[in-house]
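Structures are listed in the sections that come next.
Okay, so chain A shows up in both of these, paired with chain B first and chain C after.
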Partner chain A sequence: MKNWIQAFSVIDFISVGILLTAVSMNALKRLESCVKVYTLNSWLLASLIAIVSFMIGEAHLYVAAALTLTTKGVLLPVFLKRIVRQMKVTRDDEPYINNALSLTISGVLVAVVYVSLGEGIFVSGFSRNVLQISIAVIVIGLFTMITRRKAITQVIGLLFMENGLFLAGFSLTFGMPLIIELGVLFDMLMGVIILGIFVVQIKRSFLSTDLDKLTTLRG
Partner chain B sequence: MIGVLLLIPVVTALLCSFFRNRKTIEVINVIGVIALTAVSVPQITGALSAQEYFMGGVLFMDALSAYIMAIVVFIALVAAIYSVDYMGQEYKEGAVTLKGLRYYYALFHLFIFTMLLVSVSNNLAVFWIAIEGTTLVSALLVGFYKNRQSIEAAWKYIILCTVGITFALLGIFITYYASAGATGGKGTLNWTELREMSHRLNPSTMKLAFILILIGYGTKAGLAPVHNWLPDAHSQAPTPISALLSSILLKCAFIGIVRFAIILNGSAGSSYAGNLLLIFGLLSMGIATAFILLQNNYKRLLAYHSIEHIGIIATGMGLGGPLGIYGSLLHILNHAIVKALLFFTTGQVRLRYFSTKIDKVRGVITLLPVSGAVMLLAALAIAGTPPFNIFLSEFIILKAAAEGGSWVTFTLFLVFATIIFGGVLHHFGGMAFGEPNVSHEMKGERKLVSILIVVMATGMLLLGVYVPSFLELMLSGSLKVITGG
Partner chain C sequence: MEYLQFIVIIIFSPLIQGIIKKVKAAMQGRVGPGVFQPYYDLVRLLKKEMVISGVTSWVFRATPFIVFASTVAAAMIIPVITTRSPFSAMGDVIALIYIFALGRFFMALAGLDAGTAFGGEGSSREMAVAMLVEPMMMLSIFTAAIAAGSTNIAVIAEKQDIFYSPSHVLALSAFIVAVVAETGRIPVDNPDTHLELTMIHEGMLLEYSGRYLALMEWAHFMKQMLLFTLAVDIFFPLGIPAATGLPGLAASFGIYSLKMVLMAVLMAAIESSRAKLRFFQLPSLLGGAFVLALLSLLTYIMMGK
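Here is the complex of A and B:
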């Protein structure tokens, strides 16, 4: 099994999958597809952690993988889907930058991250590429947050950033102590729930889910 | 004992959300903060003499934690007492329902809990979790009134601070990686252990980590140019919460940067962190100066003053040396007292004039003699007028700049302070004097609030002329923690 994983460089395939799901977020207009892509991203992240823990034989990493799967892979997507349904807004049609251009820009961002971290100070244990990929996912998540108009797509961009962050932490250190991981996940879960509350309130008081309506406070 | 200390605000929050009677909730709220103060005093004095660890080293208290905890507890105490009156009046006017009141007090005490946790975290990740906790709880408080402006402010606040703090977490991961490299085995996230091994940590890795931490906690601390959430959040939150945000929350986040800078100083020498703090400190002061002059909303004006003063604190820390750090630490307390006082007095103004626009408010001294007079004194204090406490700490920081020969810092500091002085006189002078432009009928001032603000104003004056011995003890202890002497 271990040989098989190495021979087919499964770890690299999965991490590239994580990068591609993050990039494809820029091409999607239907909000439900965005949530699906995020779910896929989280599942890939969890499976990467599980496979690495199998490779190095660290039992506590299985728990981390299971936690990632339940929170990011199941709970958050279910919650996000409910909000999308409740909003009755199914599409984010007019991003500030059109989809073709933002796909190009995310490609450029990935290249920039690769070049600037190529000779970096980091050597990660299980794959040279994972750190670059994780930083690229963080940057693309940030880019999504900037270019999208809807409150909910901004939340999904933030979640992509956090997935990238977890991947970065994992590639640098093989995961934090479990209690820390639990605390961070708990904060994240509460954060998304509170953001969800505000998404509903924005819709209620601005009668829109577009963030460019939020201009009452200036100076 | 630390467990009891941390449990008190949580229990108070639960009780506040449980009861359905306004008087009961208010009494629980006051008992909660008084119990907190009573328990924290022996804890703080104990930590001053010797460093203490709790829960297997995850939590700890040294002199710096004790100092920050003392400020948090003090401001929590006055803000909780002030809340009883302020939110009570909002309730009578119908701006807040009973359900809202329960929700408010529950979140208030949870907010205090997260800040206490910040002050005693030894583990960097627990610190991070606590800081993110403060964002989540206080975002709900910023959006408390559920109108367009407050929802917008809360949204900006939570998004900006969460994105910022994501970078801080990356910085913490990198630190963990660096510590694993230094020990050759398992890494550590305990601040005390990291400080001991700091000379073995890779300096360039730690510099990268520090930049990420500075972005992350700097967003939360309100350092320019990542301060944009701050004026919105401060102006939209209920007044006692604005006082908490400005007086203690910003400082809690700033201490995160300081704690990290201590590790970096051991690894890469003190000039790197110091210079960065100096640059962002002066930038914050400069940007705040411009907005203070142009401001037409007094709550936003006070928010920009917070950016200015966090800039001053960062400048003092960046100058370094015992004098600069001492001044900076003293300024943390002084600004907390004066800013809370300003929010409390202008809160009374808002309840009387129903507006937060500066040009809609005239003749406060005539209508509200006590609040008006204290507001004017506190405004003079915040501008750095002697003999108030802010003058003393600003003077110490300036002296540190002069002794260190940082003449650029010295000049910029003086220029900004002078311009801000003019701005403060213009804005607050206009509000305090003149013919009142709302109905003249005297409602009489609230006794409780008057006593509270007069006591705090006395403190503000006393701290300007001398530093009491227990405060001196905390300051010199914290100074030792930071300089490592």
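Here is the complex of A and C:
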């Protein structure tokens, strides 16, 4: 089994898949597909953690994988989907930068990250590739937050950044202590729920989730 | 013997077209024309009288020959069933792409030459698509070229030993999109219709008839088969390398025809499962494929495989 994982470079495929899902977020207009891509990203992240823990034989990492799967792979997507349905907004039609261009820019961002990290200081087989990919995911998440107008897509960009950070931490330390991970996940869950409530409130008082409208004060 | 491998492309390219049409018909629940129908069409067109518009210049009359000859030249430098071809010294992949570009340039000129609205429309669209497809094709080929350390197609085919790595899969998927766009198949262009305002490739050929049309169609079939061959050479060269002597060539030809049929089935599957995109949505598709190719190159450079 371990030989198979190595022979078919499963870890490389999954980490590239994580990068691809983050990049493809820039091409999507329908909010539901954005949520779907985020779900896929989280599942890939969880499976990467599970496979690495299988490879190095650390039992506590399975718990981290399971936690990731339940919170980021199931709970958050279900919650996000409910918000999307509640808002009756299905598309983020006018991002600040159009989709084809923002795809290309995110490709360039990946190149910049790879070049600037270069060989890196953390040259140890597993972590080198995954660290670069995770930082690329963080940068792309940030880029998504900058280019999108709708509150929901910005939240998803934030979640992508969080996934990237999680992956970066994981690639450097093979998992933080369980209590910290639990805390981070709980924090994020609460954060997203609060953001979700905010989004609904914004929609109710401005009749739009377009964040540009927030520049006019109402008191 | 090895000199003559490009004959395979010339002879069998209409058959590939026929197979694609047959498989597509089967997938859509129709009987469809027989696999040899493109041959009958070509023969019929070759027998027919030509009608040439009086306002056309020499460009219109020279184009079918230039397009056909450039496609045959491209067929000569590509390794079809063996990499040990005397012509393969010239088989540079960048040269190949520009030989295709020469044919396309004259085809676009001929489309403009007759002065019809459809011709000009087809030409401008073809050039717009080409502008997006060429860099993407280059990038996805460069991933394989860097791995082999050469842009010579024969060397790439001989040295290619990684069949299963992320960069390879990404480059292959980008290349498939490039092939779909270059052969004018469904998400990009509809090959079956002359009636819609959406046509790209057919728009340029609208003024041609008789022998010239046969040459243009045949060149298009050949280009399609060449692109399939290029995909196979670069990404799945299993079975091609260094096959010499009659038994070796025969075995290689068997494997090659199997791969071609698989490519034809893949194209038919893509065509049957996708809807045609609006022209202004194409930059999204092709831009996405461009990013795939870029990521494949970056991944190769980062991971080293």
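Convention: the second predicted complex is superposed on the first by the 213 of 219 C-alpha atoms of A that agree within 3 Å, B and C clash if a C-alpha of one lies under 4 Å from a C-alpha of the other, contacts with A are read in each partner's own complex, and residues count from 1 in each chain.
One rule holds in what follows: a residue touches a chain if its C-beta (ideal position, glycine included) is under 8 Å from a C-beta of that chain, and two chains touch if they have at least 3 such contacts.
This is a predicted model, so every value here is computed, not measured.
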Query raised in the report: Of the two partner chains, chain B (first) and chain C (second), which one does A:N129 touch, if any: first, second, both, or neither?
Result: second
Query raised in the report: So, A:I202: does it touch chain B (first), chain C (second), both, or neither?
Result: first
Query raised in the report: So, A:L20: does it touch chain B (first), chain C (second), both, or neither?
Result: second
Requested in this report: Applying the touch criterion given at the start, work out whether A:S106 contacts chain B, chain C, both or neither, answering first, second, both or neither.
Outcome: second
Requested in this report: Examine A:F8 and indicate which partner it touches, taking first as chain B and second as chain C; both and neither are also allowed.
Outcome: second
Report task. Based on the superposed arrangement, let me know which partner A:M161 touches: chain B (first), chain C (second), both, or neither? Result -> first
Query raised in the report: Just chain B (first), just chain C (second), both, or neither: which does A:S116 touch?
Result: neither
Query - Contacts on chain A seen with chain B and repeated with chain C across the two complexes - result: none
Query raised in the report: What part of chain B is in contact with chain A in the complex they form?
Result: 123, 125-126, 128-129, 132-133, 135-136, 139-140, 143, 146-149, 151-156, 158-159, 162-163, 166, 169-170, 173-174, 176-177, 180, 187, 189, 202, 204-205, 208, 231-232, 235-236, 291, 294-296, 300
Query raised in the report: Quick one: in the complex, what on chain C touches chain A?
Result: 164-166, 169-170, 283-284, 287-288, 290-292, 294-295, 298-299, 301-303, 305
Query raised in the report: In their complex, what parts of chain A are in touch with chain C?
Result: 8-9, 12-13, 16, 19-20, 23-24, 27, 99-101, 103-104, 106-107, 110-111, 114, 129, 132
Query - Residues of chain A that touch chain B when the two form their complex - result: 121-122, 138, 142, 145, 151, 154, 158, 161-162, 165, 168-169, 172-173, 176-177, 180, 183-184, 186-187, 190-191, 194-195, 197-198, 201-202, 205-206, 211, 214-217, 219
